[in-house]
Amino acid sequence: MNNLPVDLLLLSIATPLAVALAIALGLPKRHAIKLAYVGFGVPAVIACYLWSQFPANPGAEYAFMTSYATGLEGLGIKLTLGLNGISMPLFMMAGIVGLAAGLYAIQSGAERLKIYLMLLLVMHAGLMGMFASIDIFFFYFFHELALIPTFIMVGIWGGRDRGYAAMKMTIYLTVGAMLSLIGLIAIYMKSGAESFDMITLRNELLMNPMRDSTQTTIFGLLMFGFGILVSLWPFHTWAPLGYGAAPSSVSMLHAGVLKKFGLYGLVQIALPLVPAGAMEWAPMLAWLALGNIIIIGLITLAQRDLKQMVGYASVMHVGYGFLGVACLSVLGAGGAVLFMVAHGLSVSLLFLLTTSIHHRTGTFDMDQMGGLAQKAPVLAAFFLTAVLASIGLPGPGLLNFWGELTIFMAVYDHAQWMVVPAVLGVVISAIYGLRAVGRVFYGPATEAFQCHQQGRVIEDLRWNERIPAIILLVTLIGLGIWPKAISTSLNSALEAIYPAVEALTVHVAGQ
Amino acid sequence: MTVTLYHYLMLAGVLFAIGFFGVLLRKNTLVIYMCLELMLIASTIVLVAFSRYNGTMDGNVFVFFILTVAAAEVAVGLAIIVALFRRRMTIQVDELNALKN
Amino acid sequence: MAPTQLAFLLLLTPLASALLTALFFRRSPAVGRALSLAAAAAIVVFSSMLIFATDGFSRSAEWLVIGPLTIELGFLVDDLAKLMLFVVAFVGFLIHVFSVGYMKGDANAARFFGCLSLFMFSMIGLTLADDLIMLFIFWELVGLSSFLLINFYYDRPAAVAASKKAFIVNRIGDFGFLIGIILAYWAFGTITLADIALRLDTSPELVTTTIALLIFCGAVGKSGQLPLHVWLPDAMEGPTPVSALIHAATMVAAGIFLLCRVAVIMTGDALTVILWIGVATALFAGVTALGQRDIKRILAYSTISQLGFMVAAFALGSLLALRSGVDGALAGLAGGAAAAMFHLTTHAFFKALLFLGAGSIIHSSHHEQDIYRLGGLARRMPITFATFTLGTLALVGAPFLSGFFSKDAILLLAYQYDPKVFVLLLIGAFLTSFYMTRLWVITFLGVPRTDHAAHAHENGLTMTIPLIFLAVGAVLAGYTWFYPEALAVVPRFAHGLLEGEGHTLAAVAGTGVFVVGAALGFLLYRPGAREDFLQTRMPALYRTLEQRLFIDALYDWYVAKVQQRFALLLNFLEQIFLSGLIIRGFAGLVGLVGIGARALHVGSLHAYVHWFLLGAVILWAIAAGLF
Amino acid sequence: MFATIFYLFAFLSVGSALAMVFNRNTVHSAMFLLLSLVGVAGVFALLDTGFLALLLIFVYAGAVVALFLFIVMLLDMQGGERKPFRPAAIAAGVVTAGLLVVGLVSFSGAVQALHAPEAASVLPVGVNLKHYANQLFTTYLLPVQVVGFLLLIAMLGVIVLSKRFEGLEDIK
Amino acid sequence: MNTEMLQAAAASNQWLAIFPELMLGCLALFLLVLEMVLPKKQHELIPTIAIIGQGAVLVGLLINYRTAFIGEETFNGMLLHTSGGQFLRCFFLLASILVSILGMVALAKQRMPRIEFFHIVIVVSAAMMLLAQSNHFVMLFVALETITIGFYILVSYTRTNPLSLEAGLKYLIMGALSSAILLFGIALLYGVAGNPALAGATAEAMNFGALQVFLQANPDNLLAAIGIVLVLAGVAFKIGAVPFQIWIPDVYQGAPTPVTSFLAVASKAAGFAILLILVRVFGPYHSVIVPVLTAMAIATILFGNLAAITQHNVKRLIGLSGVAHAGYLLIGVIAAMTQPLAVGAIFFYLLAYLLGSFAVFGVMTHVAGPDDADQDLDHYADLGKTHPFLAMVLAVGLGSLAGIPPLAGFMGKLLIFIAAFKAGLYLLLVVAIIGVVISIYYYFGWIKAACFPSLRAPLTEGEADPTPARTPVGLAAGITLATLALASVLLGLYQGPFGEWLSLH
């Protein structure tokens, strides 16, 4: 499976970087845009191709593995790329969301578009690398690579409150990143493997697990570190603010893909490597996740600003991912991964459309909107679909539904009563989702909106906005209809690398 | 009453402390600078005393270097003080606090 | 063609129509209409093939496997499904035809027909599902299409609010449904209905009861049972064919279908709860209907009431079967399912007829829906009048029309189970007769009260032909010979029930309350009356009824005053405490310390030398072992 | 006898140092510094390093103190410090003095703990001038070279800081 | 002393071992000669010659990086050549080249003599190179004083600016004070170690190797401990560790920007060069120096970062941030006592710090107006729009200093953290992380000020623009800045040969 003519994984990271470099070196705008298509397109194509080539039953194996020395072999750091059943779906999702975000950015006509695209490409490279890295150091590294352009883009191209938002976001995320970095270093140190390689670590720790107290500390670090990055309640306040201020493509990539870093880290690294620590923290994690679902859910209800609302909604939904992780089972983790893919696609779609709405209404205040569906029925249809997807309605949100269902199943298996508040979130999200659709699109146009309309033509969703939306939607629905396309290899991988987790759970249940 | 190494060292210590105290007390930059010189000299006493009592030459040679360096330092330092005085017409340290916070 | 393929074809035809319309023909009503109609016709053809040309079958495929969770989705075509499919396909087709006339001239008709096709897709999927998850998926899709159709006139705030309400209230029901499915999976280890039936004894009774009730929650939402009925009257904001198809004939009946599907897991306790909810709904809706003036709302409450009858029928039949010692697995079809499904079928015909009749009236009287602004339509719209009258008679249980048989079966079951229930249901039947008479008298008799009503005239063929066909159904659907062999199982079973003990009494009592109700109606509501009898005589009561016993108000109060305020409070707390006090406060504290640290650079050399002294002293102290 | 001379020099240097610190007149301070250095030079002599004593006098008295005096004259500020000490400064001074005394006590203890050899038992190496030359031109050759450069840059520095340059008319 | 001994001593003066330093000395003298020989008009050439000359020395040094002298003592134990020393030599030389380039840009704004500046910079860097290899207190002191006196002059170099002179005076007094303290400590150590009454007493008490042997034999001598802490205090002044950091903002602000960069990078690195040597020598007294350094590191990280967050003058800001960097490096120094890996980590960190700092200082030089001491964050408004190149370099430089992947600074921090982790310094690690988080605020605040669209009200008529005019970027400076930024990125992505240091066992 590794007889590809070129190392496509590296290519998928290097292409956006190379394009970014070319733009930085002063390519004229016309060519820069053409090249940007390549920069966003190649990773997506590679992601889809690799996905099609991915073995159905990889078990714990990684496919497409390649390794490059970067000079720190002495520390056990090597740029090792590869995909397993857990990272493959996310890698593909990253490619597709990246393509959509890129296409949306190219057409956005942002001021100083070249620099914007350049930063976005760097971010995209980081995202691809994050999921393709087997080495946990590079896993972290690529995450940060993607994170930094976010800050600058929020600051330069952001909306209201961009300065404060960018600052708050960056400081929060740095705290999270630092905690998780220390957690990762701790794994490296305490495992005795003297390696950052996930495979080596896993093999080593399977034979000689760390002491329970060490595991507890490490998982705590990772949990809170990743938790901050993924806006776990109550460390979430940066997220709605940041997403509210960020330009659309950044929100798409950040909320859609980058944020999955933490959950992915918990599923891929934390649970298999420090299962005993996870045991200790799981109840706490579950409670906090419920905080996300219920408290943030209710707070979302109180939002007037559409983009803030979408931001809160995305924060609320990651609670499901955490809940899945907290179940400490193949089922929960699998559900979390399915959910991550679904959430990534649907939330980025929502952010995309939110911005398109803004272009037409000139405001994010839902009280000032109304009746947009008459002017822009296609936009309305897309937005409704996106909202329904994000609230997990089977149909457009079938994949979200599979994810949620799997997580609920796992939750019930883990702690029966918890399924009630968890499922309650579904109702809450339906309420705010439909309320938003109703306020923005339906009903008669408000006075403010009528004023805004005067003297300008409110056009429907243009094709260059439509195409990225369609890309996301088709992927989301396609995967929803046939979830086995990702779940088979996912399940195979989880079954293979989770024996320690499962054994522990069974052991405790048996007591 | 014999004079031992202890006495030399204490003399050095006392001079060093007086120098330090002077640096803290005085506001005239020139006097502060003199006090600093005194501190250097106190250090040389230690070196010379040890050199004498340990029977090694290094301390004495070191003093040679210290004196040279101190002379150079004084030259540069006084040049700075003079230049500063020309610009600001004062060398009182409490008036030389344009750089702060 | 293999049955599975046929089922697929049946399922995907309307989806294809919907997608094509959505993608390419949004702006061409004609094409959308044609596509949708063709799809509806194809559905009739394919479902006929499925019903008549194939035996029952079930086929499923693995859809998702994660760890211990295996989800298989598949088709189950049995007698129940066939009957439901028949109702959906035939009533659906007729309503499509009616819509062609009804939506004539509407610029957004393509959207309407697209959504209608989407609904057909969802409903067929629901009907054919062989497992709880697939049921749930299409269950939700049905809700979605209902949402889309209710807010078809999305520039009307009322329609928007109604659609939102419908969706959310349904979602609340589904909340229970979904938890029920999860519980069922862990209790039985499968979500496939057939397998659940085989593994009933793996789960303790209490758990099974819980599962049954939770799944019933879904039915409560979708079938408008108390206390989640509030959305259904509001849903009348949608175009009338939608009300007929979705909110009378098929979708709302899906709850009943669901109950019948999961009948095997019903336990005595669960059924008792279900029974009383059904009875209460039947009575409540009947009473409330008396206070309504909107023709569609009256029909909507009637629907709720009839759905209450069906739920009660299901519970009664199953309870009786349980009492007589029939095993749980068989209790479903043996008892309640037959009665409930029979009533569902007849109800589908006459209620669709009534709604289409109402639609016909509304269409011809410039969207006038208030019965006190209509009147005297009997002469102006003879076909509508005739068919509507037949429908009314069927609904109120006039002898020898379809409603008579199905309602009789329910009354008989009640009589056999518990006289109390029997009496209550009789009261329900009486109320039906009473309010339908009121509706009929005020709308059709007397003289027109407004210009709109005066200018009303009979509609075109596309609208009248479906009425006639449905009227035929409403008359005949009570007779077993009406049904082709493949569909006759359920009606025959229901007729079998009528042979039971006390059938004469039930029939007589049923007819009696119909007569009394109609007589009272004629007595109190005079043709041509401009004011409602209750409104003038008992304003307080009327107001209570008009306000639907204030249940909607209670919900509105909860949403606006409790839930939203709580949300605002949480938001406030987050902004003030979490973001403000804690985060900003902490940042501010750090900033203060920073300002303090910065302020230490006072610019004075002496101060700096003191730092050195301090440092030297501390270091010295450490060296001397003082620390 | 030896001790008496030692104490004489010691008190001379300490007393003059104190006088230097507490005298408000800058010129007097410079003179007291000189006096203190003389005391130290005497101590050096007692330690059998006459060469260094001489050097100290030459360099400090001849160059450093002279330079100080020259600058004081140049800047015309014999007036000393105009402002009286503020109470806070006095308090700080007392605390500082206290700390320094404590430090000295501690230092005294540490020195006493050191078992010092007797002066008589050790050959006084500092007496022989030749030793200095030997050391400086063999072992310490490199530092000597470096010091050479040090003096060079010091000289350049003084030039840069003091010389009048064309176009730099702003120096008064 | 007999002749053979003297001859042996003379023979040990292997001038070849310090060839680069000699060449620098010659270059410095050559510049003076040129100043006299060349006609006034061609004095413009001299800085270029200085830079090219230093570059040539650097190239030569890199070619002979693996010289045979490594591991050898030369000049009678004055110098000990180590591989670490080799790196630091290159480091200091690189720094002085960069300072010279910045000096070319900055001095063009001042009407000051320029040749002396380059002369002094070259001599100081040569002294630093010797310092990094010193193995004897006399050598250390002389080299250190050369550096210090050089800096006295450099800091007050723009004597037309009273702030520069004030900074010079402050640096002078504090520097002399610290020299005195250091010297007192050296004297005590010399005395104790040479005391024949003690076991392991040595005649070569100034020699580090001998001193270490002595300290090993007498691990709890109070006077030695006092000497050690006094020496550490003197070094702490150089690296700017709390509580000897207090002079930094004032002096950095007053000094001309190139000198500030020299102070911030090379002088600090010189301090660490000594510290790395000294902690090895003082190793036996780890019960004294570990608490001292730990307390210093904690206080330094917190103080530097906290004081910087509200700072608006960028020169003071970068000074305080440099204090924080000293704190992180101190962690590395402590770790280096048990983990050889940490030495490599410190070197890498220093290199990353150099690249990042000079990128930032380079931009500062271009943004600064004629008043060098007045460089406010507000002056950076809209830099991203008017000078995207400078803004990009600034962002990369600051990002690297903040420790943001994929920049070199991140790798430096990571390596230090790993080393600290290996050494079990968990408390310090926590403090370091807190520090990094705080530092994000001001580093990104700076980027924010430069890159984000500013909300300044437009100038009213007649109001002078408070932002000084920015110097256009010349070719040489542009290439230098681009190279620095690119190197920061590349070193973060690919460590390649530098990774070898980390396996120094």
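Letters are used for the chains, namely A, B, C, D and E, taken in the order the chains are written, and counting of residues starts over at 1 for each.
By definition in this document, contacts are C-beta pairs under 8 Å (C-beta built on N, C-alpha and C of every residue); 3 or more make two chains touch, one makes a residue touch a chain.
Keep in mind that what you see is a predicted model, and the values were worked out from it rather than measured.
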{"item": "Shortest chain-hopping distance from subunit A out to subunit E", "value": "1"}
{"item": "Most contacted chain pair (by C-beta pair count)", "value": "B-D"}
{"item": "Chain whose Cα mean lies nearest the overall Cα mean", "value": "A"}
{"item": "Remotest chain, subunit D as reference, centres from CA atoms", "value": "C"}
{"item": "Subunit D and subunit E, separation of their C-alpha mean positions in angstrom", "value": "30"}
{"item": "Computed distance of Cα centres, subunit C from subunit A, in Å", "value": "36"}
{"item": "Between subunit B and subunit D, centroid-to-centroid distance (C-alpha), Å", "value": "5"}
{"item": "Centre-to-centre distance between subunit E and subunit B (centres being mean Cα positions), rounded to whole Å", "value": "26"}
{"item": "Multi-partner residues of subunit A (at least 2 other chains)", "value": "none"}
{"item": "Sequence positions of subunit C contacting 2 or more other chains", "value": "598, 601, 603, 605, 609-610, 613, 616, 620, 624"}
{"item": "Junction residues of subunit E - those touching two or more other chains", "value": "138, 142, 145, 149, 152-153, 156, 159, 169-170, 173, 177, 191, 195-196, 222, 226, 249-250, 316"}
{"item": "Full enumeration of touching chain pairs", "value": "A-C, A-E, B-C, B-D, B-E, C-D, C-E, D-E"}
{"item": "Residue ranges of subunit C in contact with subunit B within the complex", "value": "598-599, 601-606, 609-610, 613"}
{"item": "Interface residues, subunit B side, partner subunit C - complex", "value": "20, 23-24, 27, 32, 93-94, 96-101"}
{"item": "Subunit A to subunit C touching residues, read off their complex", "value": "168, 234, 237, 241, 295, 298-303, 329-331, 334-335, 338, 371, 373-374, 377-378, 381, 388, 393-395, 398, 401-402, 405-406, 408-410, 412-413, 419-420, 423-424, 426-427, 430-431, 434-435, 438, 441-444, 483-484, 487-488, 490-491, 494-495"}
{"item": "Complex interface listing, subunit B residues touching subunit D", "value": "1-11, 13-15, 17-22, 24-28, 30-31, 33-35, 37-38, 41, 44-45, 48-49, 51-58, 60-61, 63-65, 67-76, 78-83, 85-87, 91-92, 94"}
{"item": "Subunit C residues touching subunit D - in the complex, by the definition given at the top", "value": "610, 613, 616-617, 620, 624"}
